[in-house]
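You will see subunit A twice below: alongside subunit B first, and alongside subunit C after that.
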Partner chain A sequence: MTPRMGDRLTYVAGIILAALFLMPLLWLVSLSLRTPAEVYLGAARFIPEAPTLDNFRLILTDRAFGTYLWNAVKLCALGALGAVIVATPAAYAASRFSFRGKGPVMVGILMVQMISPLVVIIPLYRYLDRLGMLESHLSVIAVYMAIGVPLSVWLIKVGFDTIPKALEEAAAIDGCTQFEILWRITLPLAAPALASAFILNMIMGWSQFLVPFILLTRDGQLPIAVAIYNFAGSSSASTTQLLAAACLVAVVPALAAFLALQRLIVRAIMAGAVKG
Partner chain B sequence: MIRDRRVWLWFAPVMLVLGGVYLVPVADVIRFSFSDATLLRPVTGYGLDGYRAAYNDDSLGVVLRNTGLFTLLSVISLQAMGLAIALLLVRGDRRRLYGMGALRTIVLAAWVIPGIANGLIWQMLFSEAPFGAINSTLRLIGLAPVAWLSDPGNAMISAVIANVWQGSAFSMIVFYAARRAVDPVLYEAASVDGASPVAQFIFITIPQMRGALLVNSILVTIQTLNTFDTILALTGGGPGRATEVLSLNIFNRVFYSYDLGGGSALAVLLLAISMALTVIYLLVLMRKGAR
Partner chain C sequence: MNMTTARPDPSGQAVPLGATLQLRDLVKRYGPGPAAVDGINLDVAANEFVVLVGPSGCGKSTTLRLIAGLEEVTDGVIAIAGDQVNHLGAAARDVAMVFQNYALYPHMNVAQNIGFGLRRRGASRAEAKKAVAEAAEILELTELMHRLPGDLSGGQKQRVAMGRAIVRNPRLFLFDEPLSNLDARLRLTMRTEIKRLHARVPTTTIYVTHDQTEAMTMADRVVVMNAGKIEQIGTPMEIYDAPVSRFVAGFVGAPAMTFADGMLDDQGLTLNTGLHLSCTAQHRGPVTLGLRPEALTLGDSGMAAKLDMLEPLGAETLALWQTEALGAVWVRMPPDPTLRPGATAHLQPDMTRAHLFDPVTGRRVT
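So, the complex of A and B:
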């Protein structure tokens, strides 16, 4: 086989794969732009003849999907921020100091990451019920934070590892305290690692279904992932186009964030997979 | 080496958060699993009734079989898909072909889609109504429609397809990184010796990427075992129990049947499997590190 033929095969395979991965999203867009009459025409109307934005208007105004979106942003942004803040000191200590017991603790943190939230949500529900803290965004944010901590510790530690110690030693000679060194020198240099941990946590929080589904029941408090599940339960064939619009509304913010920050995210997945 | 105990202060926030949200609840789940508590009633006694009831339940055999099948098919397909795309990307990069970045972006885009949305999107695609995406396409080209979701066997395949569409990106990235780390000299030498691309794949790529394949298969297995939102939104575990996997079964048991003892007994099983896999993963990483 000549390299040119190999190139052609690569292109063919690439195009088929791209089509396979793109089709579900394109179909979703197609459905969300159709009128009910066109939904019933199936694949024959892949490109709607009378495209309409009414479905989105209905979803975003009548159905309070704007509120669900805002809830999701609030929950996952605060959860992600909390995880990074909690993880940073531990990551710094793990990167800079050597002390007895460090290895087991870091392995323990990694093991926590492998525990399904399903296992801990059962007792958490009971604690929060007893404390009267069900139906509270604060509880959900705290759980999101904990879910994000293990990966954040590892990602941020890897980030600190790449910053030369000499910079910190120079600052120490100039009379900076340990805290000043961390705050003024190390943290700004570790910004890319902090940002990728934050973004990865955001994306995981955006996808989170179990935790808010169990801890929240009041409709006005639900994040978008739970809202579309409930909406699907109440929808029928005649509202398929609305469900498609609702799904698209749930998916687009995650896609937009991903497209804007792809490099950071890819690097974070690699560091996460290789180091733990 | 620092001997000062104060070094642990740096870990205090992490310990507090993980202790409160993970360690104490895990201990409690194990305690509940030996108790007769329900979601709303406190513990009145301890015993093995939860385990006995959960493990003697007729449905458990079906659920475990589903879990095994779903996990096996998913892990194999996710990695095959991830590996195929990764190798394609590496080849494209090497030959400076167009559009490789776009392909990577498209595959990754599916990965950020929430599991619930993934299930709902595929429900629309697999819809058996006359206007369902795949079935109406089949009809357009003159083929018979397929019972994607109402036939028990097909429903399992459909769930795996939805899961693979969303999840392949993770394996793709891991394999892409691993493949690029393989020394190109190996391939040059093999070409000089006249080895075919297939032979190079079998005798260089696979052995060189053995570590990544092993690590990735463990990680993907854990991820597959622990998630159920795609299945919940796609089939709800049906038809009947045809796609009900262990995690979905625990979810239903605890939050719909209020059977806390039984649900906890199965949650302990899920936890034990995850932890056993994690220990294997750590042993693999340590061996790799030692070499």
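So, the complex of A and C:
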């Protein structure tokens, strides 16, 4: 096979794959731009004859929708922040101190990442019930934190690894206490890794459905993903276009965040991958 | 007792003089096996410039890090200005250090890098600014104050690292191979700058290097280290003219000393190759003869030699001669355009400048 032929096949495969992922999104866009009458025409009217932004206007001016969006942002942001705060000292210890069993501990942390929340959600529900923490944002934030910590520890550790130890020694000689060294030298220099960990956790939290779905039931507490699901379950086809608009509004922040910051994230993940 | 005294400087402020430093039976172990620093003793006078030199792994950098407080002492005593500092962390010892890789804070500009230590030690913003400006002027960094370390050349980074050290008027100045990342030309310039700086701002200085030329040219006193121990302490000329061991003799001086084994008896020195040399030393028995390149001269009599290679350096020429008696020997000669590789001559050792060592212990014998 000539190299050019190989290139073509790669492109064809790429296009098929992209279509596979883009179709639902485009379908969503198509639905969200239709009037209620056009929704019934289905695939026949993929490009709406009279596209309208009314659906978005309705959604964005709806008070409840705002609350769901705010709930989602709050849960994700606090969960991500909590994960980074908990992961940072662990990552620092893993990067700077040598202790017995460090290798197994680090692999163990990574193995936690491999456990699907599905497996633990029912026991978790019972724990939180016993603790009286159901129906609270705190419980969801705590679970988001727990889910985010393992990857964050590794990501931030790699960030710390790239900071030369001599900088911390220089700071010690300059008169800094251990905490001041961390605060004034190490953390600012690890900012890209911290930011990446935070953003990745945000995105992971944003796409969470099961955890808030199980742990929360009161309408005013629900994040957008669960609220949309409830709405879809309870409404007729006459609101499909609104649902589509709501889905798009819910997806776009995560997509935008990822696209805007992907370079930062890739850099943080690749840091330490190549020495030099 | 605090031996630090103060002198007035032109601005009227009291500037502390460099402190004395004592190391007593200093030991540093990292685990089982030989100690990295194996019981060294050293007294450094106030404002003295002492260079620790030795091959890599000899413990010189570890010694410096122990003095700085970056490593914990296994045994022994470190005293700065007469006060034991073993228990003090790096921050409390009031020393400044210039690192091999500069260790500038990448997220701070030149001015912030230089002023960081002052601010952390409680200087006001105005005080720090004034001191930073003074240090920057001494080191010709004034134009670069707002640049980040990433935008500086190697030599500029080096100067910022020195600025960070001098701005605090520390009790001790510690340099850890500060020039080894610079190219040859810049190294020479910076060597002069550091010496000039020491003359201008006298402070007790401990300077670590593996480069014996740096040690010889910069030091008030040189400390030659090997395998965690001090081999010899002395002025550069003492080290050069009277090395106490074969190790020191071989380490110091370029080109290196030539060695040959032989036997010393009442008739003089007979080398194992059969060459007989007159020698007035008192020692009797097997010895190792050491000859520096300037202890051999061309003459009409002596060892037959054939010229192998010439290294013209301008003012002088280094010639590598092949001899039967001593093998390959370097000879320092005046420039001679007529000499060509392959030429033959006779080499006469000047035995008044020869060094004799015990072949077993490596110690100097007389």
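Side notes on the structure shown:
As a working rule, the second predicted complex is superposed on the first by the 232 of 276 C-alpha atoms of A that agree within 3 Å, B and C clash if a C-alpha of one lies under 4 Å from a C-alpha of the other, contacts with A are read in each partner's own complex, and residues count from 1 in each chain.
Methods note: a contact is a pair of C-beta atoms (placed from the backbone, for glycine too) under 8 Å apart; a residue touches a chain by one contact, two chains touch by 3 or more.
Every value quoted in this text rests on a predicted model; they were computed, and no experiment measured them.
After superposition on the shared chain, subunit A has more residues touched by B, the comparison being subunit B against subunit C. In the superposed model, A:Val153 makes contact with subunit B only, not with subunit C.
In the overlay built on the shared chain, the residue A:Pro164 is in contact with subunit C alone; subunit B does not reach it. Of the two partner chains placed by superposition, A:Ala195 touches none, neither subunit B nor subunit C. Looking at the shared chain after the overlay, A:Tyr229 reaches subunit B, while subunit C stays out of its contact range. When the two structures are aligned on the shared chain, A:Asp174 is found in touch with subunit C, with no touch to subunit B. Contact with neither subunit B nor subunit C is seen for A:Val29 once the two complexes are overlaid on the shared chain.
Within subunit A, not a single residue is touched by subunit B in the first complex and by subunit C in the second.
The touching residues of subunit A, counted against subunit B in their complex, run 1, 3, 6-7, 10-11, 13-14, 17-18, 20-22, 24-25, 27-28, 31, 39-44, 85-87, 89-90, 92-93, 97-100, 105, 107, 109-112, 114-120, 122-127, 142-143, 145-147, 149-150, 153, 203, 206-210, 214, 224-226, 228-229, 232, 237, 240, 243-244, 247, 250-251, 254-255, 257-259, 262, 265-266, 269-270, 273-274, 276. If you check the complex, the residues on subunit C that touch subunit A are 68-70, 89-91, 95-97, 99-101, 103-107, 116-117, 120-121, 164. For subunit A in complex with subunit C, the residues that touch the partner chain are 164, 166-167, 169-177, 180, 185, 188-189.
Interface residues of subunit B, counted against subunit A in their complex, comprise 1-3, 7, 10-14, 17-18, 20-22, 24-26, 28-29, 32, 39, 84-85, 88, 91-92, 95, 97, 99-100, 102-103, 105-110, 112-117, 120-125, 127, 129-133, 135-137, 139-140, 165, 170, 173-174, 177, 197, 215-216, 219, 222, 225-229, 232-233, 247, 250-251, 254-255, 260, 263-264, 267, 270-271, 274-275, 277-278, 282, 285.
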